Amino acid sequence: MTLAKNGALSLEELAALPGMPSKERLAQGPVVVIECAQEIPCNPCEAACPNGAIKVGEPITNLPVLAEEKCTGCGVCIAACPGQAIFVIDMTYSEEEATVQLPYEFLPLPAKGDLVDGLDREGQKICTARVLRVLNPKKFDRTPVITIAVPKECAMAVRNIAIRR
Amino acid sequence: MRETEFAIVGAGPAGLSAAIEAARAGVQVTLIDENDKPGGQLFKQIHKFFGSKEHYAGVRGIDIGVQLLHEVETCGVEVMLNAVVWGIFADHTLGIIHDHKNLHLKAKKILLATGASENALAFPGWTLPGVMGAGAIQTLVNIHRVLPGRRVLMVGSGNVGLIVSYQLLQAGAEVVAVLEAMPKIGGYGVHASKLRRHGVPILTSTTIKEARGKGKVEEAITIGLDEHWREIPGTEKAYQVDVICLALGLTPLSELAWMAGCQFDYIPQLGGHIPVHDANMETTVNGIYVAGDVSGIEEASTAMEEGKLAGIAVAEALGYLSAAEAACKKEVVLRRLDELRSGPFGGVRKQAKEQLHQQRCSQ
Amino acid sequence: MSPEPEDEVIICRCEEVSRKEILEAIAEGARTVNEVKMRTRAGMGLCQGKTCRRLVSRILAEQTGQPMGEIAPATFRPPVRPVPIGVLASKDDEGQSDAS
Amino acid sequence: MLPDVVVIGGGIVGCACAYYLSREGVRVCLVEKGTIASGTSRAGQSHIVLWEEPDINLQLEKASRDLYEELSEELPFDIEYRRTGSMAIVENPADWEAFARTVRSLQARGLNCQLLQNDDLIRLEPNLAPDLAGGAFFPEDAQVNPILTTLALAQAARERGADIRLFTEVTGIALSDHRVAAVETTAGRIPTARVVDAAGVWSAAIGKMVGVDIPVIPRRGHIIVTEPVPENLIHCKIILAAGYMQTLGATTGVALSANIQQTRSGNLLLGSSRDFAGFDRSVNPAVIQAQAARNLRFLPALADIHVIRTYAGLRPYSPDLVPIIGEADSVKGFYIATGHEGAGITMGPITGKLISEIITGKAPTVPLEPLSLRRFSQRQEED
Amino acid sequence: MRVEEHPILGEMKKPNVVEIEVDGEIIPAIEGEPIAAALLAAGKSIFRYTRKRNEPRGVFCAIGRCTDCMMVVDGIPNVRTCVTPVRAGMKIQTQHGLGEFGGPLS
């Protein structure tokens, strides 16, 4: 499965992206994962980062490059990305769990403490996730950012949630 | 006969941008739109735009619309709404149906910013109620807030098909699949990924074969295609749906440009027959300009820049900007257009546009 | 509803012209969108060909081997939207009509 | 094989010539710079009416209408011919007496028609404006689809061996000793001894190529087409304001008249305007506005009906409103069939028949002298 | 079906609900919305039957271009319902073929 063929990035495609943090950086604490794989004219992520950790430069079709040492995992870039391609992963959250911050423009919004399904890049349920935080300030402009806790092995796979009815 | 300096047909992103640019320079502008609200397709675009800050990146289309309307109001543009331009006639005269009256407006310069219409695909059952254009769905759901069905099959995976599918999910519908006849997804990967994460299958090398139902769509039959776009017997699949949405690309809505006698060139990368125009957006008919989708199918962000170019060019032609002032303003816009037209998606359009400009210059 | 044979598919939704009728017009020698229109009425309905004109061009291209770019679209006539005669006949209060 | 005759023009007149000639076994080549019926023949209305003065026109119309009866049977596809009758209506009481006199004179010449007082008129057509002075009904008039007729004539000619060449423009005509020798076209030279100039509004330009002065100029006419409407809007499918006749003679400004026709597909064709604007075929919105208003005056029920297209066409105007049919005196083999103005559809078949009779040496159905080109030079001499 | 709540557009503003008559049945509609939107919201999908094949048609383009959604509105046939705003008390009929004129012609 590839992005062009069915809409989901394969692991190989992901590994090749300049917006992917290294294993080492992931092990150190919260950091962004930029799943932006095509040269489209777009750079709000660069402008959004307060630490200069994302660089697009000229031309603006360049893929965003992550300067992982500068990234604090603040997550401001998540809602700023029109493609909803940016996530923040914290592998150091606990012994068993990692956290994933993701954009979620749907109703109803989950509440802190809810148990939801963790979905992968193809919408398959792969784990149960616990909602830790729901951020929806005005500056996110109706792109709420949800933080969930998931089993560590799922952190690089969970990219969406489904509310349980 | 009424008169104005600059008549703009269509108050979408291109028309609004041109109006603002020209009016700020001092031009008397009349902006005409057939809808009861200006903004064109912007008010259906509830997603955040790409681009850079100068292109309103990260801002939702609806909010860009509000912003442009505000600017138009503050810079003294005359806006005629519910006004259908029914024809373009000799001496830059427009026939306009407005307020149940037929009036004639003569303008020194005219900008046609009439946008595009959706392409169709004829298959058995495509006339059944429930088969609709993607733009139709977007209008109904995002503007009128009515869902025409619960289960939708999307035909076409260009950006429109992908975005509308996502917006259908946001409005509470189920999208059973997105079909794409080509072996590759047509639109941006990020749009496709947003859908995939919600479990929507995107089926490449697959097309719609038939719509079935009694009185309205109840079932859609799809079929796989080989590398020569031939149907592969035995690959038919049935989906129970109540809406089949067609997102098969756009064609410039160029009737007025044809009527005005503009020369056209066939450029498939830009959506078909395109009025030949120069870097000022002026067509082969003196004083008639085009901008936005009518001058080649692109995006709202490029449409806004093209509108600005036309606005500047008209202000210059009417003597409101000196050549130097205009050149300076155009340079900024052209640089931004260049940015939008780079990369694997935009580069093709850049080449096509350059081909058109050269043609205009060689005449 | 049973499947329609492919050629019974409607091409012009307004005038209900089928693909078969368009193929017949081409077989009788029609080579332009205008000729197909004159023979079959495809594009002569209320929408004035807004939906079918491209489909007709495509069928012409596929049947005659002409490239799409060489198939001239049908002639475009005002009004671009249907207008009631009473409205078309009305005069602008502010401007003076200059007929006659 | 070389053609016996080259017909220039693929409108109704040219196609009728090709049809009647090929029916007589004459080898015809028809050249057309566009496609069949792409000029005047597609830009008019649908009537075949028999009340145009002077007398020679009435004769042509009568003969042509009879030919239509045959053509509707013998042509390869339906030309939507039907005998609908036509109606002339008079707006003002002041014009009634003069109109009644004209109708009585037509009756005296054997034309089947009847006068209608206001109440008769409204009984027949309840949707007409109630205040009209009256009118007349002509039961033998008919209607046809001009485009389909032209296409069918071309098709029938082709089936009888005619060679029809589209997108072929005539660039010159070669003479040899004051006789036609060949036709030069954008697609090559066609040697022939006979040419028929059926080029309508362009017939004068063709005449010029051989030094023949044909006094035909284009006269513009606008048409408004509505959406299809139910049959009960108007019962008689051709309703013309009696003022139509006066507009024919107008030489300045825009002459307007109401002319309402419903075609077989249900659409209304609303005429008519006449003005001289050279070869400009563009629509004048002010004329459309006035024309719509003029028709609305007679049929107020039109108000809510939608217009779906408008267009302007050029009609080949001859100064005395009589067509020019016959061989030129100064160039042997150069035949003229033009100048029908708004009666091309009505008179197309008889024109084709006459040309075929002239070329094959048969006795003409209608006397030819009043149709000759020579009548214009004679008139000048008389002046 | 109305989209009452929406993650981007928010909650629907309190609409001015009026009544319109559709084939004799009274349905609620929002003043100013296109007739077509009101009918779809009420679950009506067939707007007319065609003249030649008598086939059902509904909304296709929704922006006044294709003319598929035509109905008889207050006695006038061929009204594009997708661009004609609702007014209280409108009488709307499914159009059959060319439709019937409800005015002076009937």
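Worth pointing out:
By letter and in written order, the chains are A, B, C, D and E; residue numbering begins at 1 in each of them.
Rule of thumb we're sticking to: a residue touches a chain if its C-beta (ideal position, glycine included) is under 8 Å from a C-beta of that chain, and two chains touch if they have at least 3 such contacts.
No experiment lies behind these values; they were computed from the predicted model shown.
Common neighbours of chain B and chain C under the contact rule above are D, E. Shared contact partners of chain C and chain E, listed by label: B, D.
The busiest chain interface, judged by C-beta pairs in contact, is A-B.
Relative to the C-alpha centre of chain A, the farthest chain centre belongs to D. Of all chains shown, the one whose average CA position lies nearest the global CA mean is C.
One inter-chain figure worth recording: chain A and chain C are separated by 50 Å, centre to centre, where each centre is the mean of the chain's CA atoms. A straight line joining the Cα centres of chain A and chain E is 44 Å long. The centroid of the Cα atoms in chain C and the matching centroid in chain D are 25 Å apart. Shown for chain E are the residues in touch with two or more other chains, namely 6-8, 50-51, 55, 57, 60-61, 64-65, 68, 78. Residues of chain A in contact with two or more other chains: 105-106, 142. Residue positions of chain D touching 2 or more other chains, listed in rising order: 227, 283-286, 288-289, 304, 306, 310. Those chain pairs judged to touch are A-B, A-E, B-C, B-D, B-E, C-D, C-E, D-E.
On the side of chain E, the complex with chain C involves touching residues 50-53, 55, 57, 60-61, 64-68, 70, 78, 80. The touching residues of chain B, when paired with chain A in their complex, are 47-53, 55, 57-60, 63, 169-170, 183-185, 188-202, 204, 339-346. The touching residues of chain A, when paired with chain E in their complex, are 105-107, 142.
Taken in their complex, chain D has these residues touching chain B: 280, 282-286, 288-289, 310.
Against chain D, in their complex, chain C makes its touches with residues 28, 31-32, 34-35, 38-39, 41, 44-46, 48, 75, 77-79, 82-86, 88-91, 97-100.
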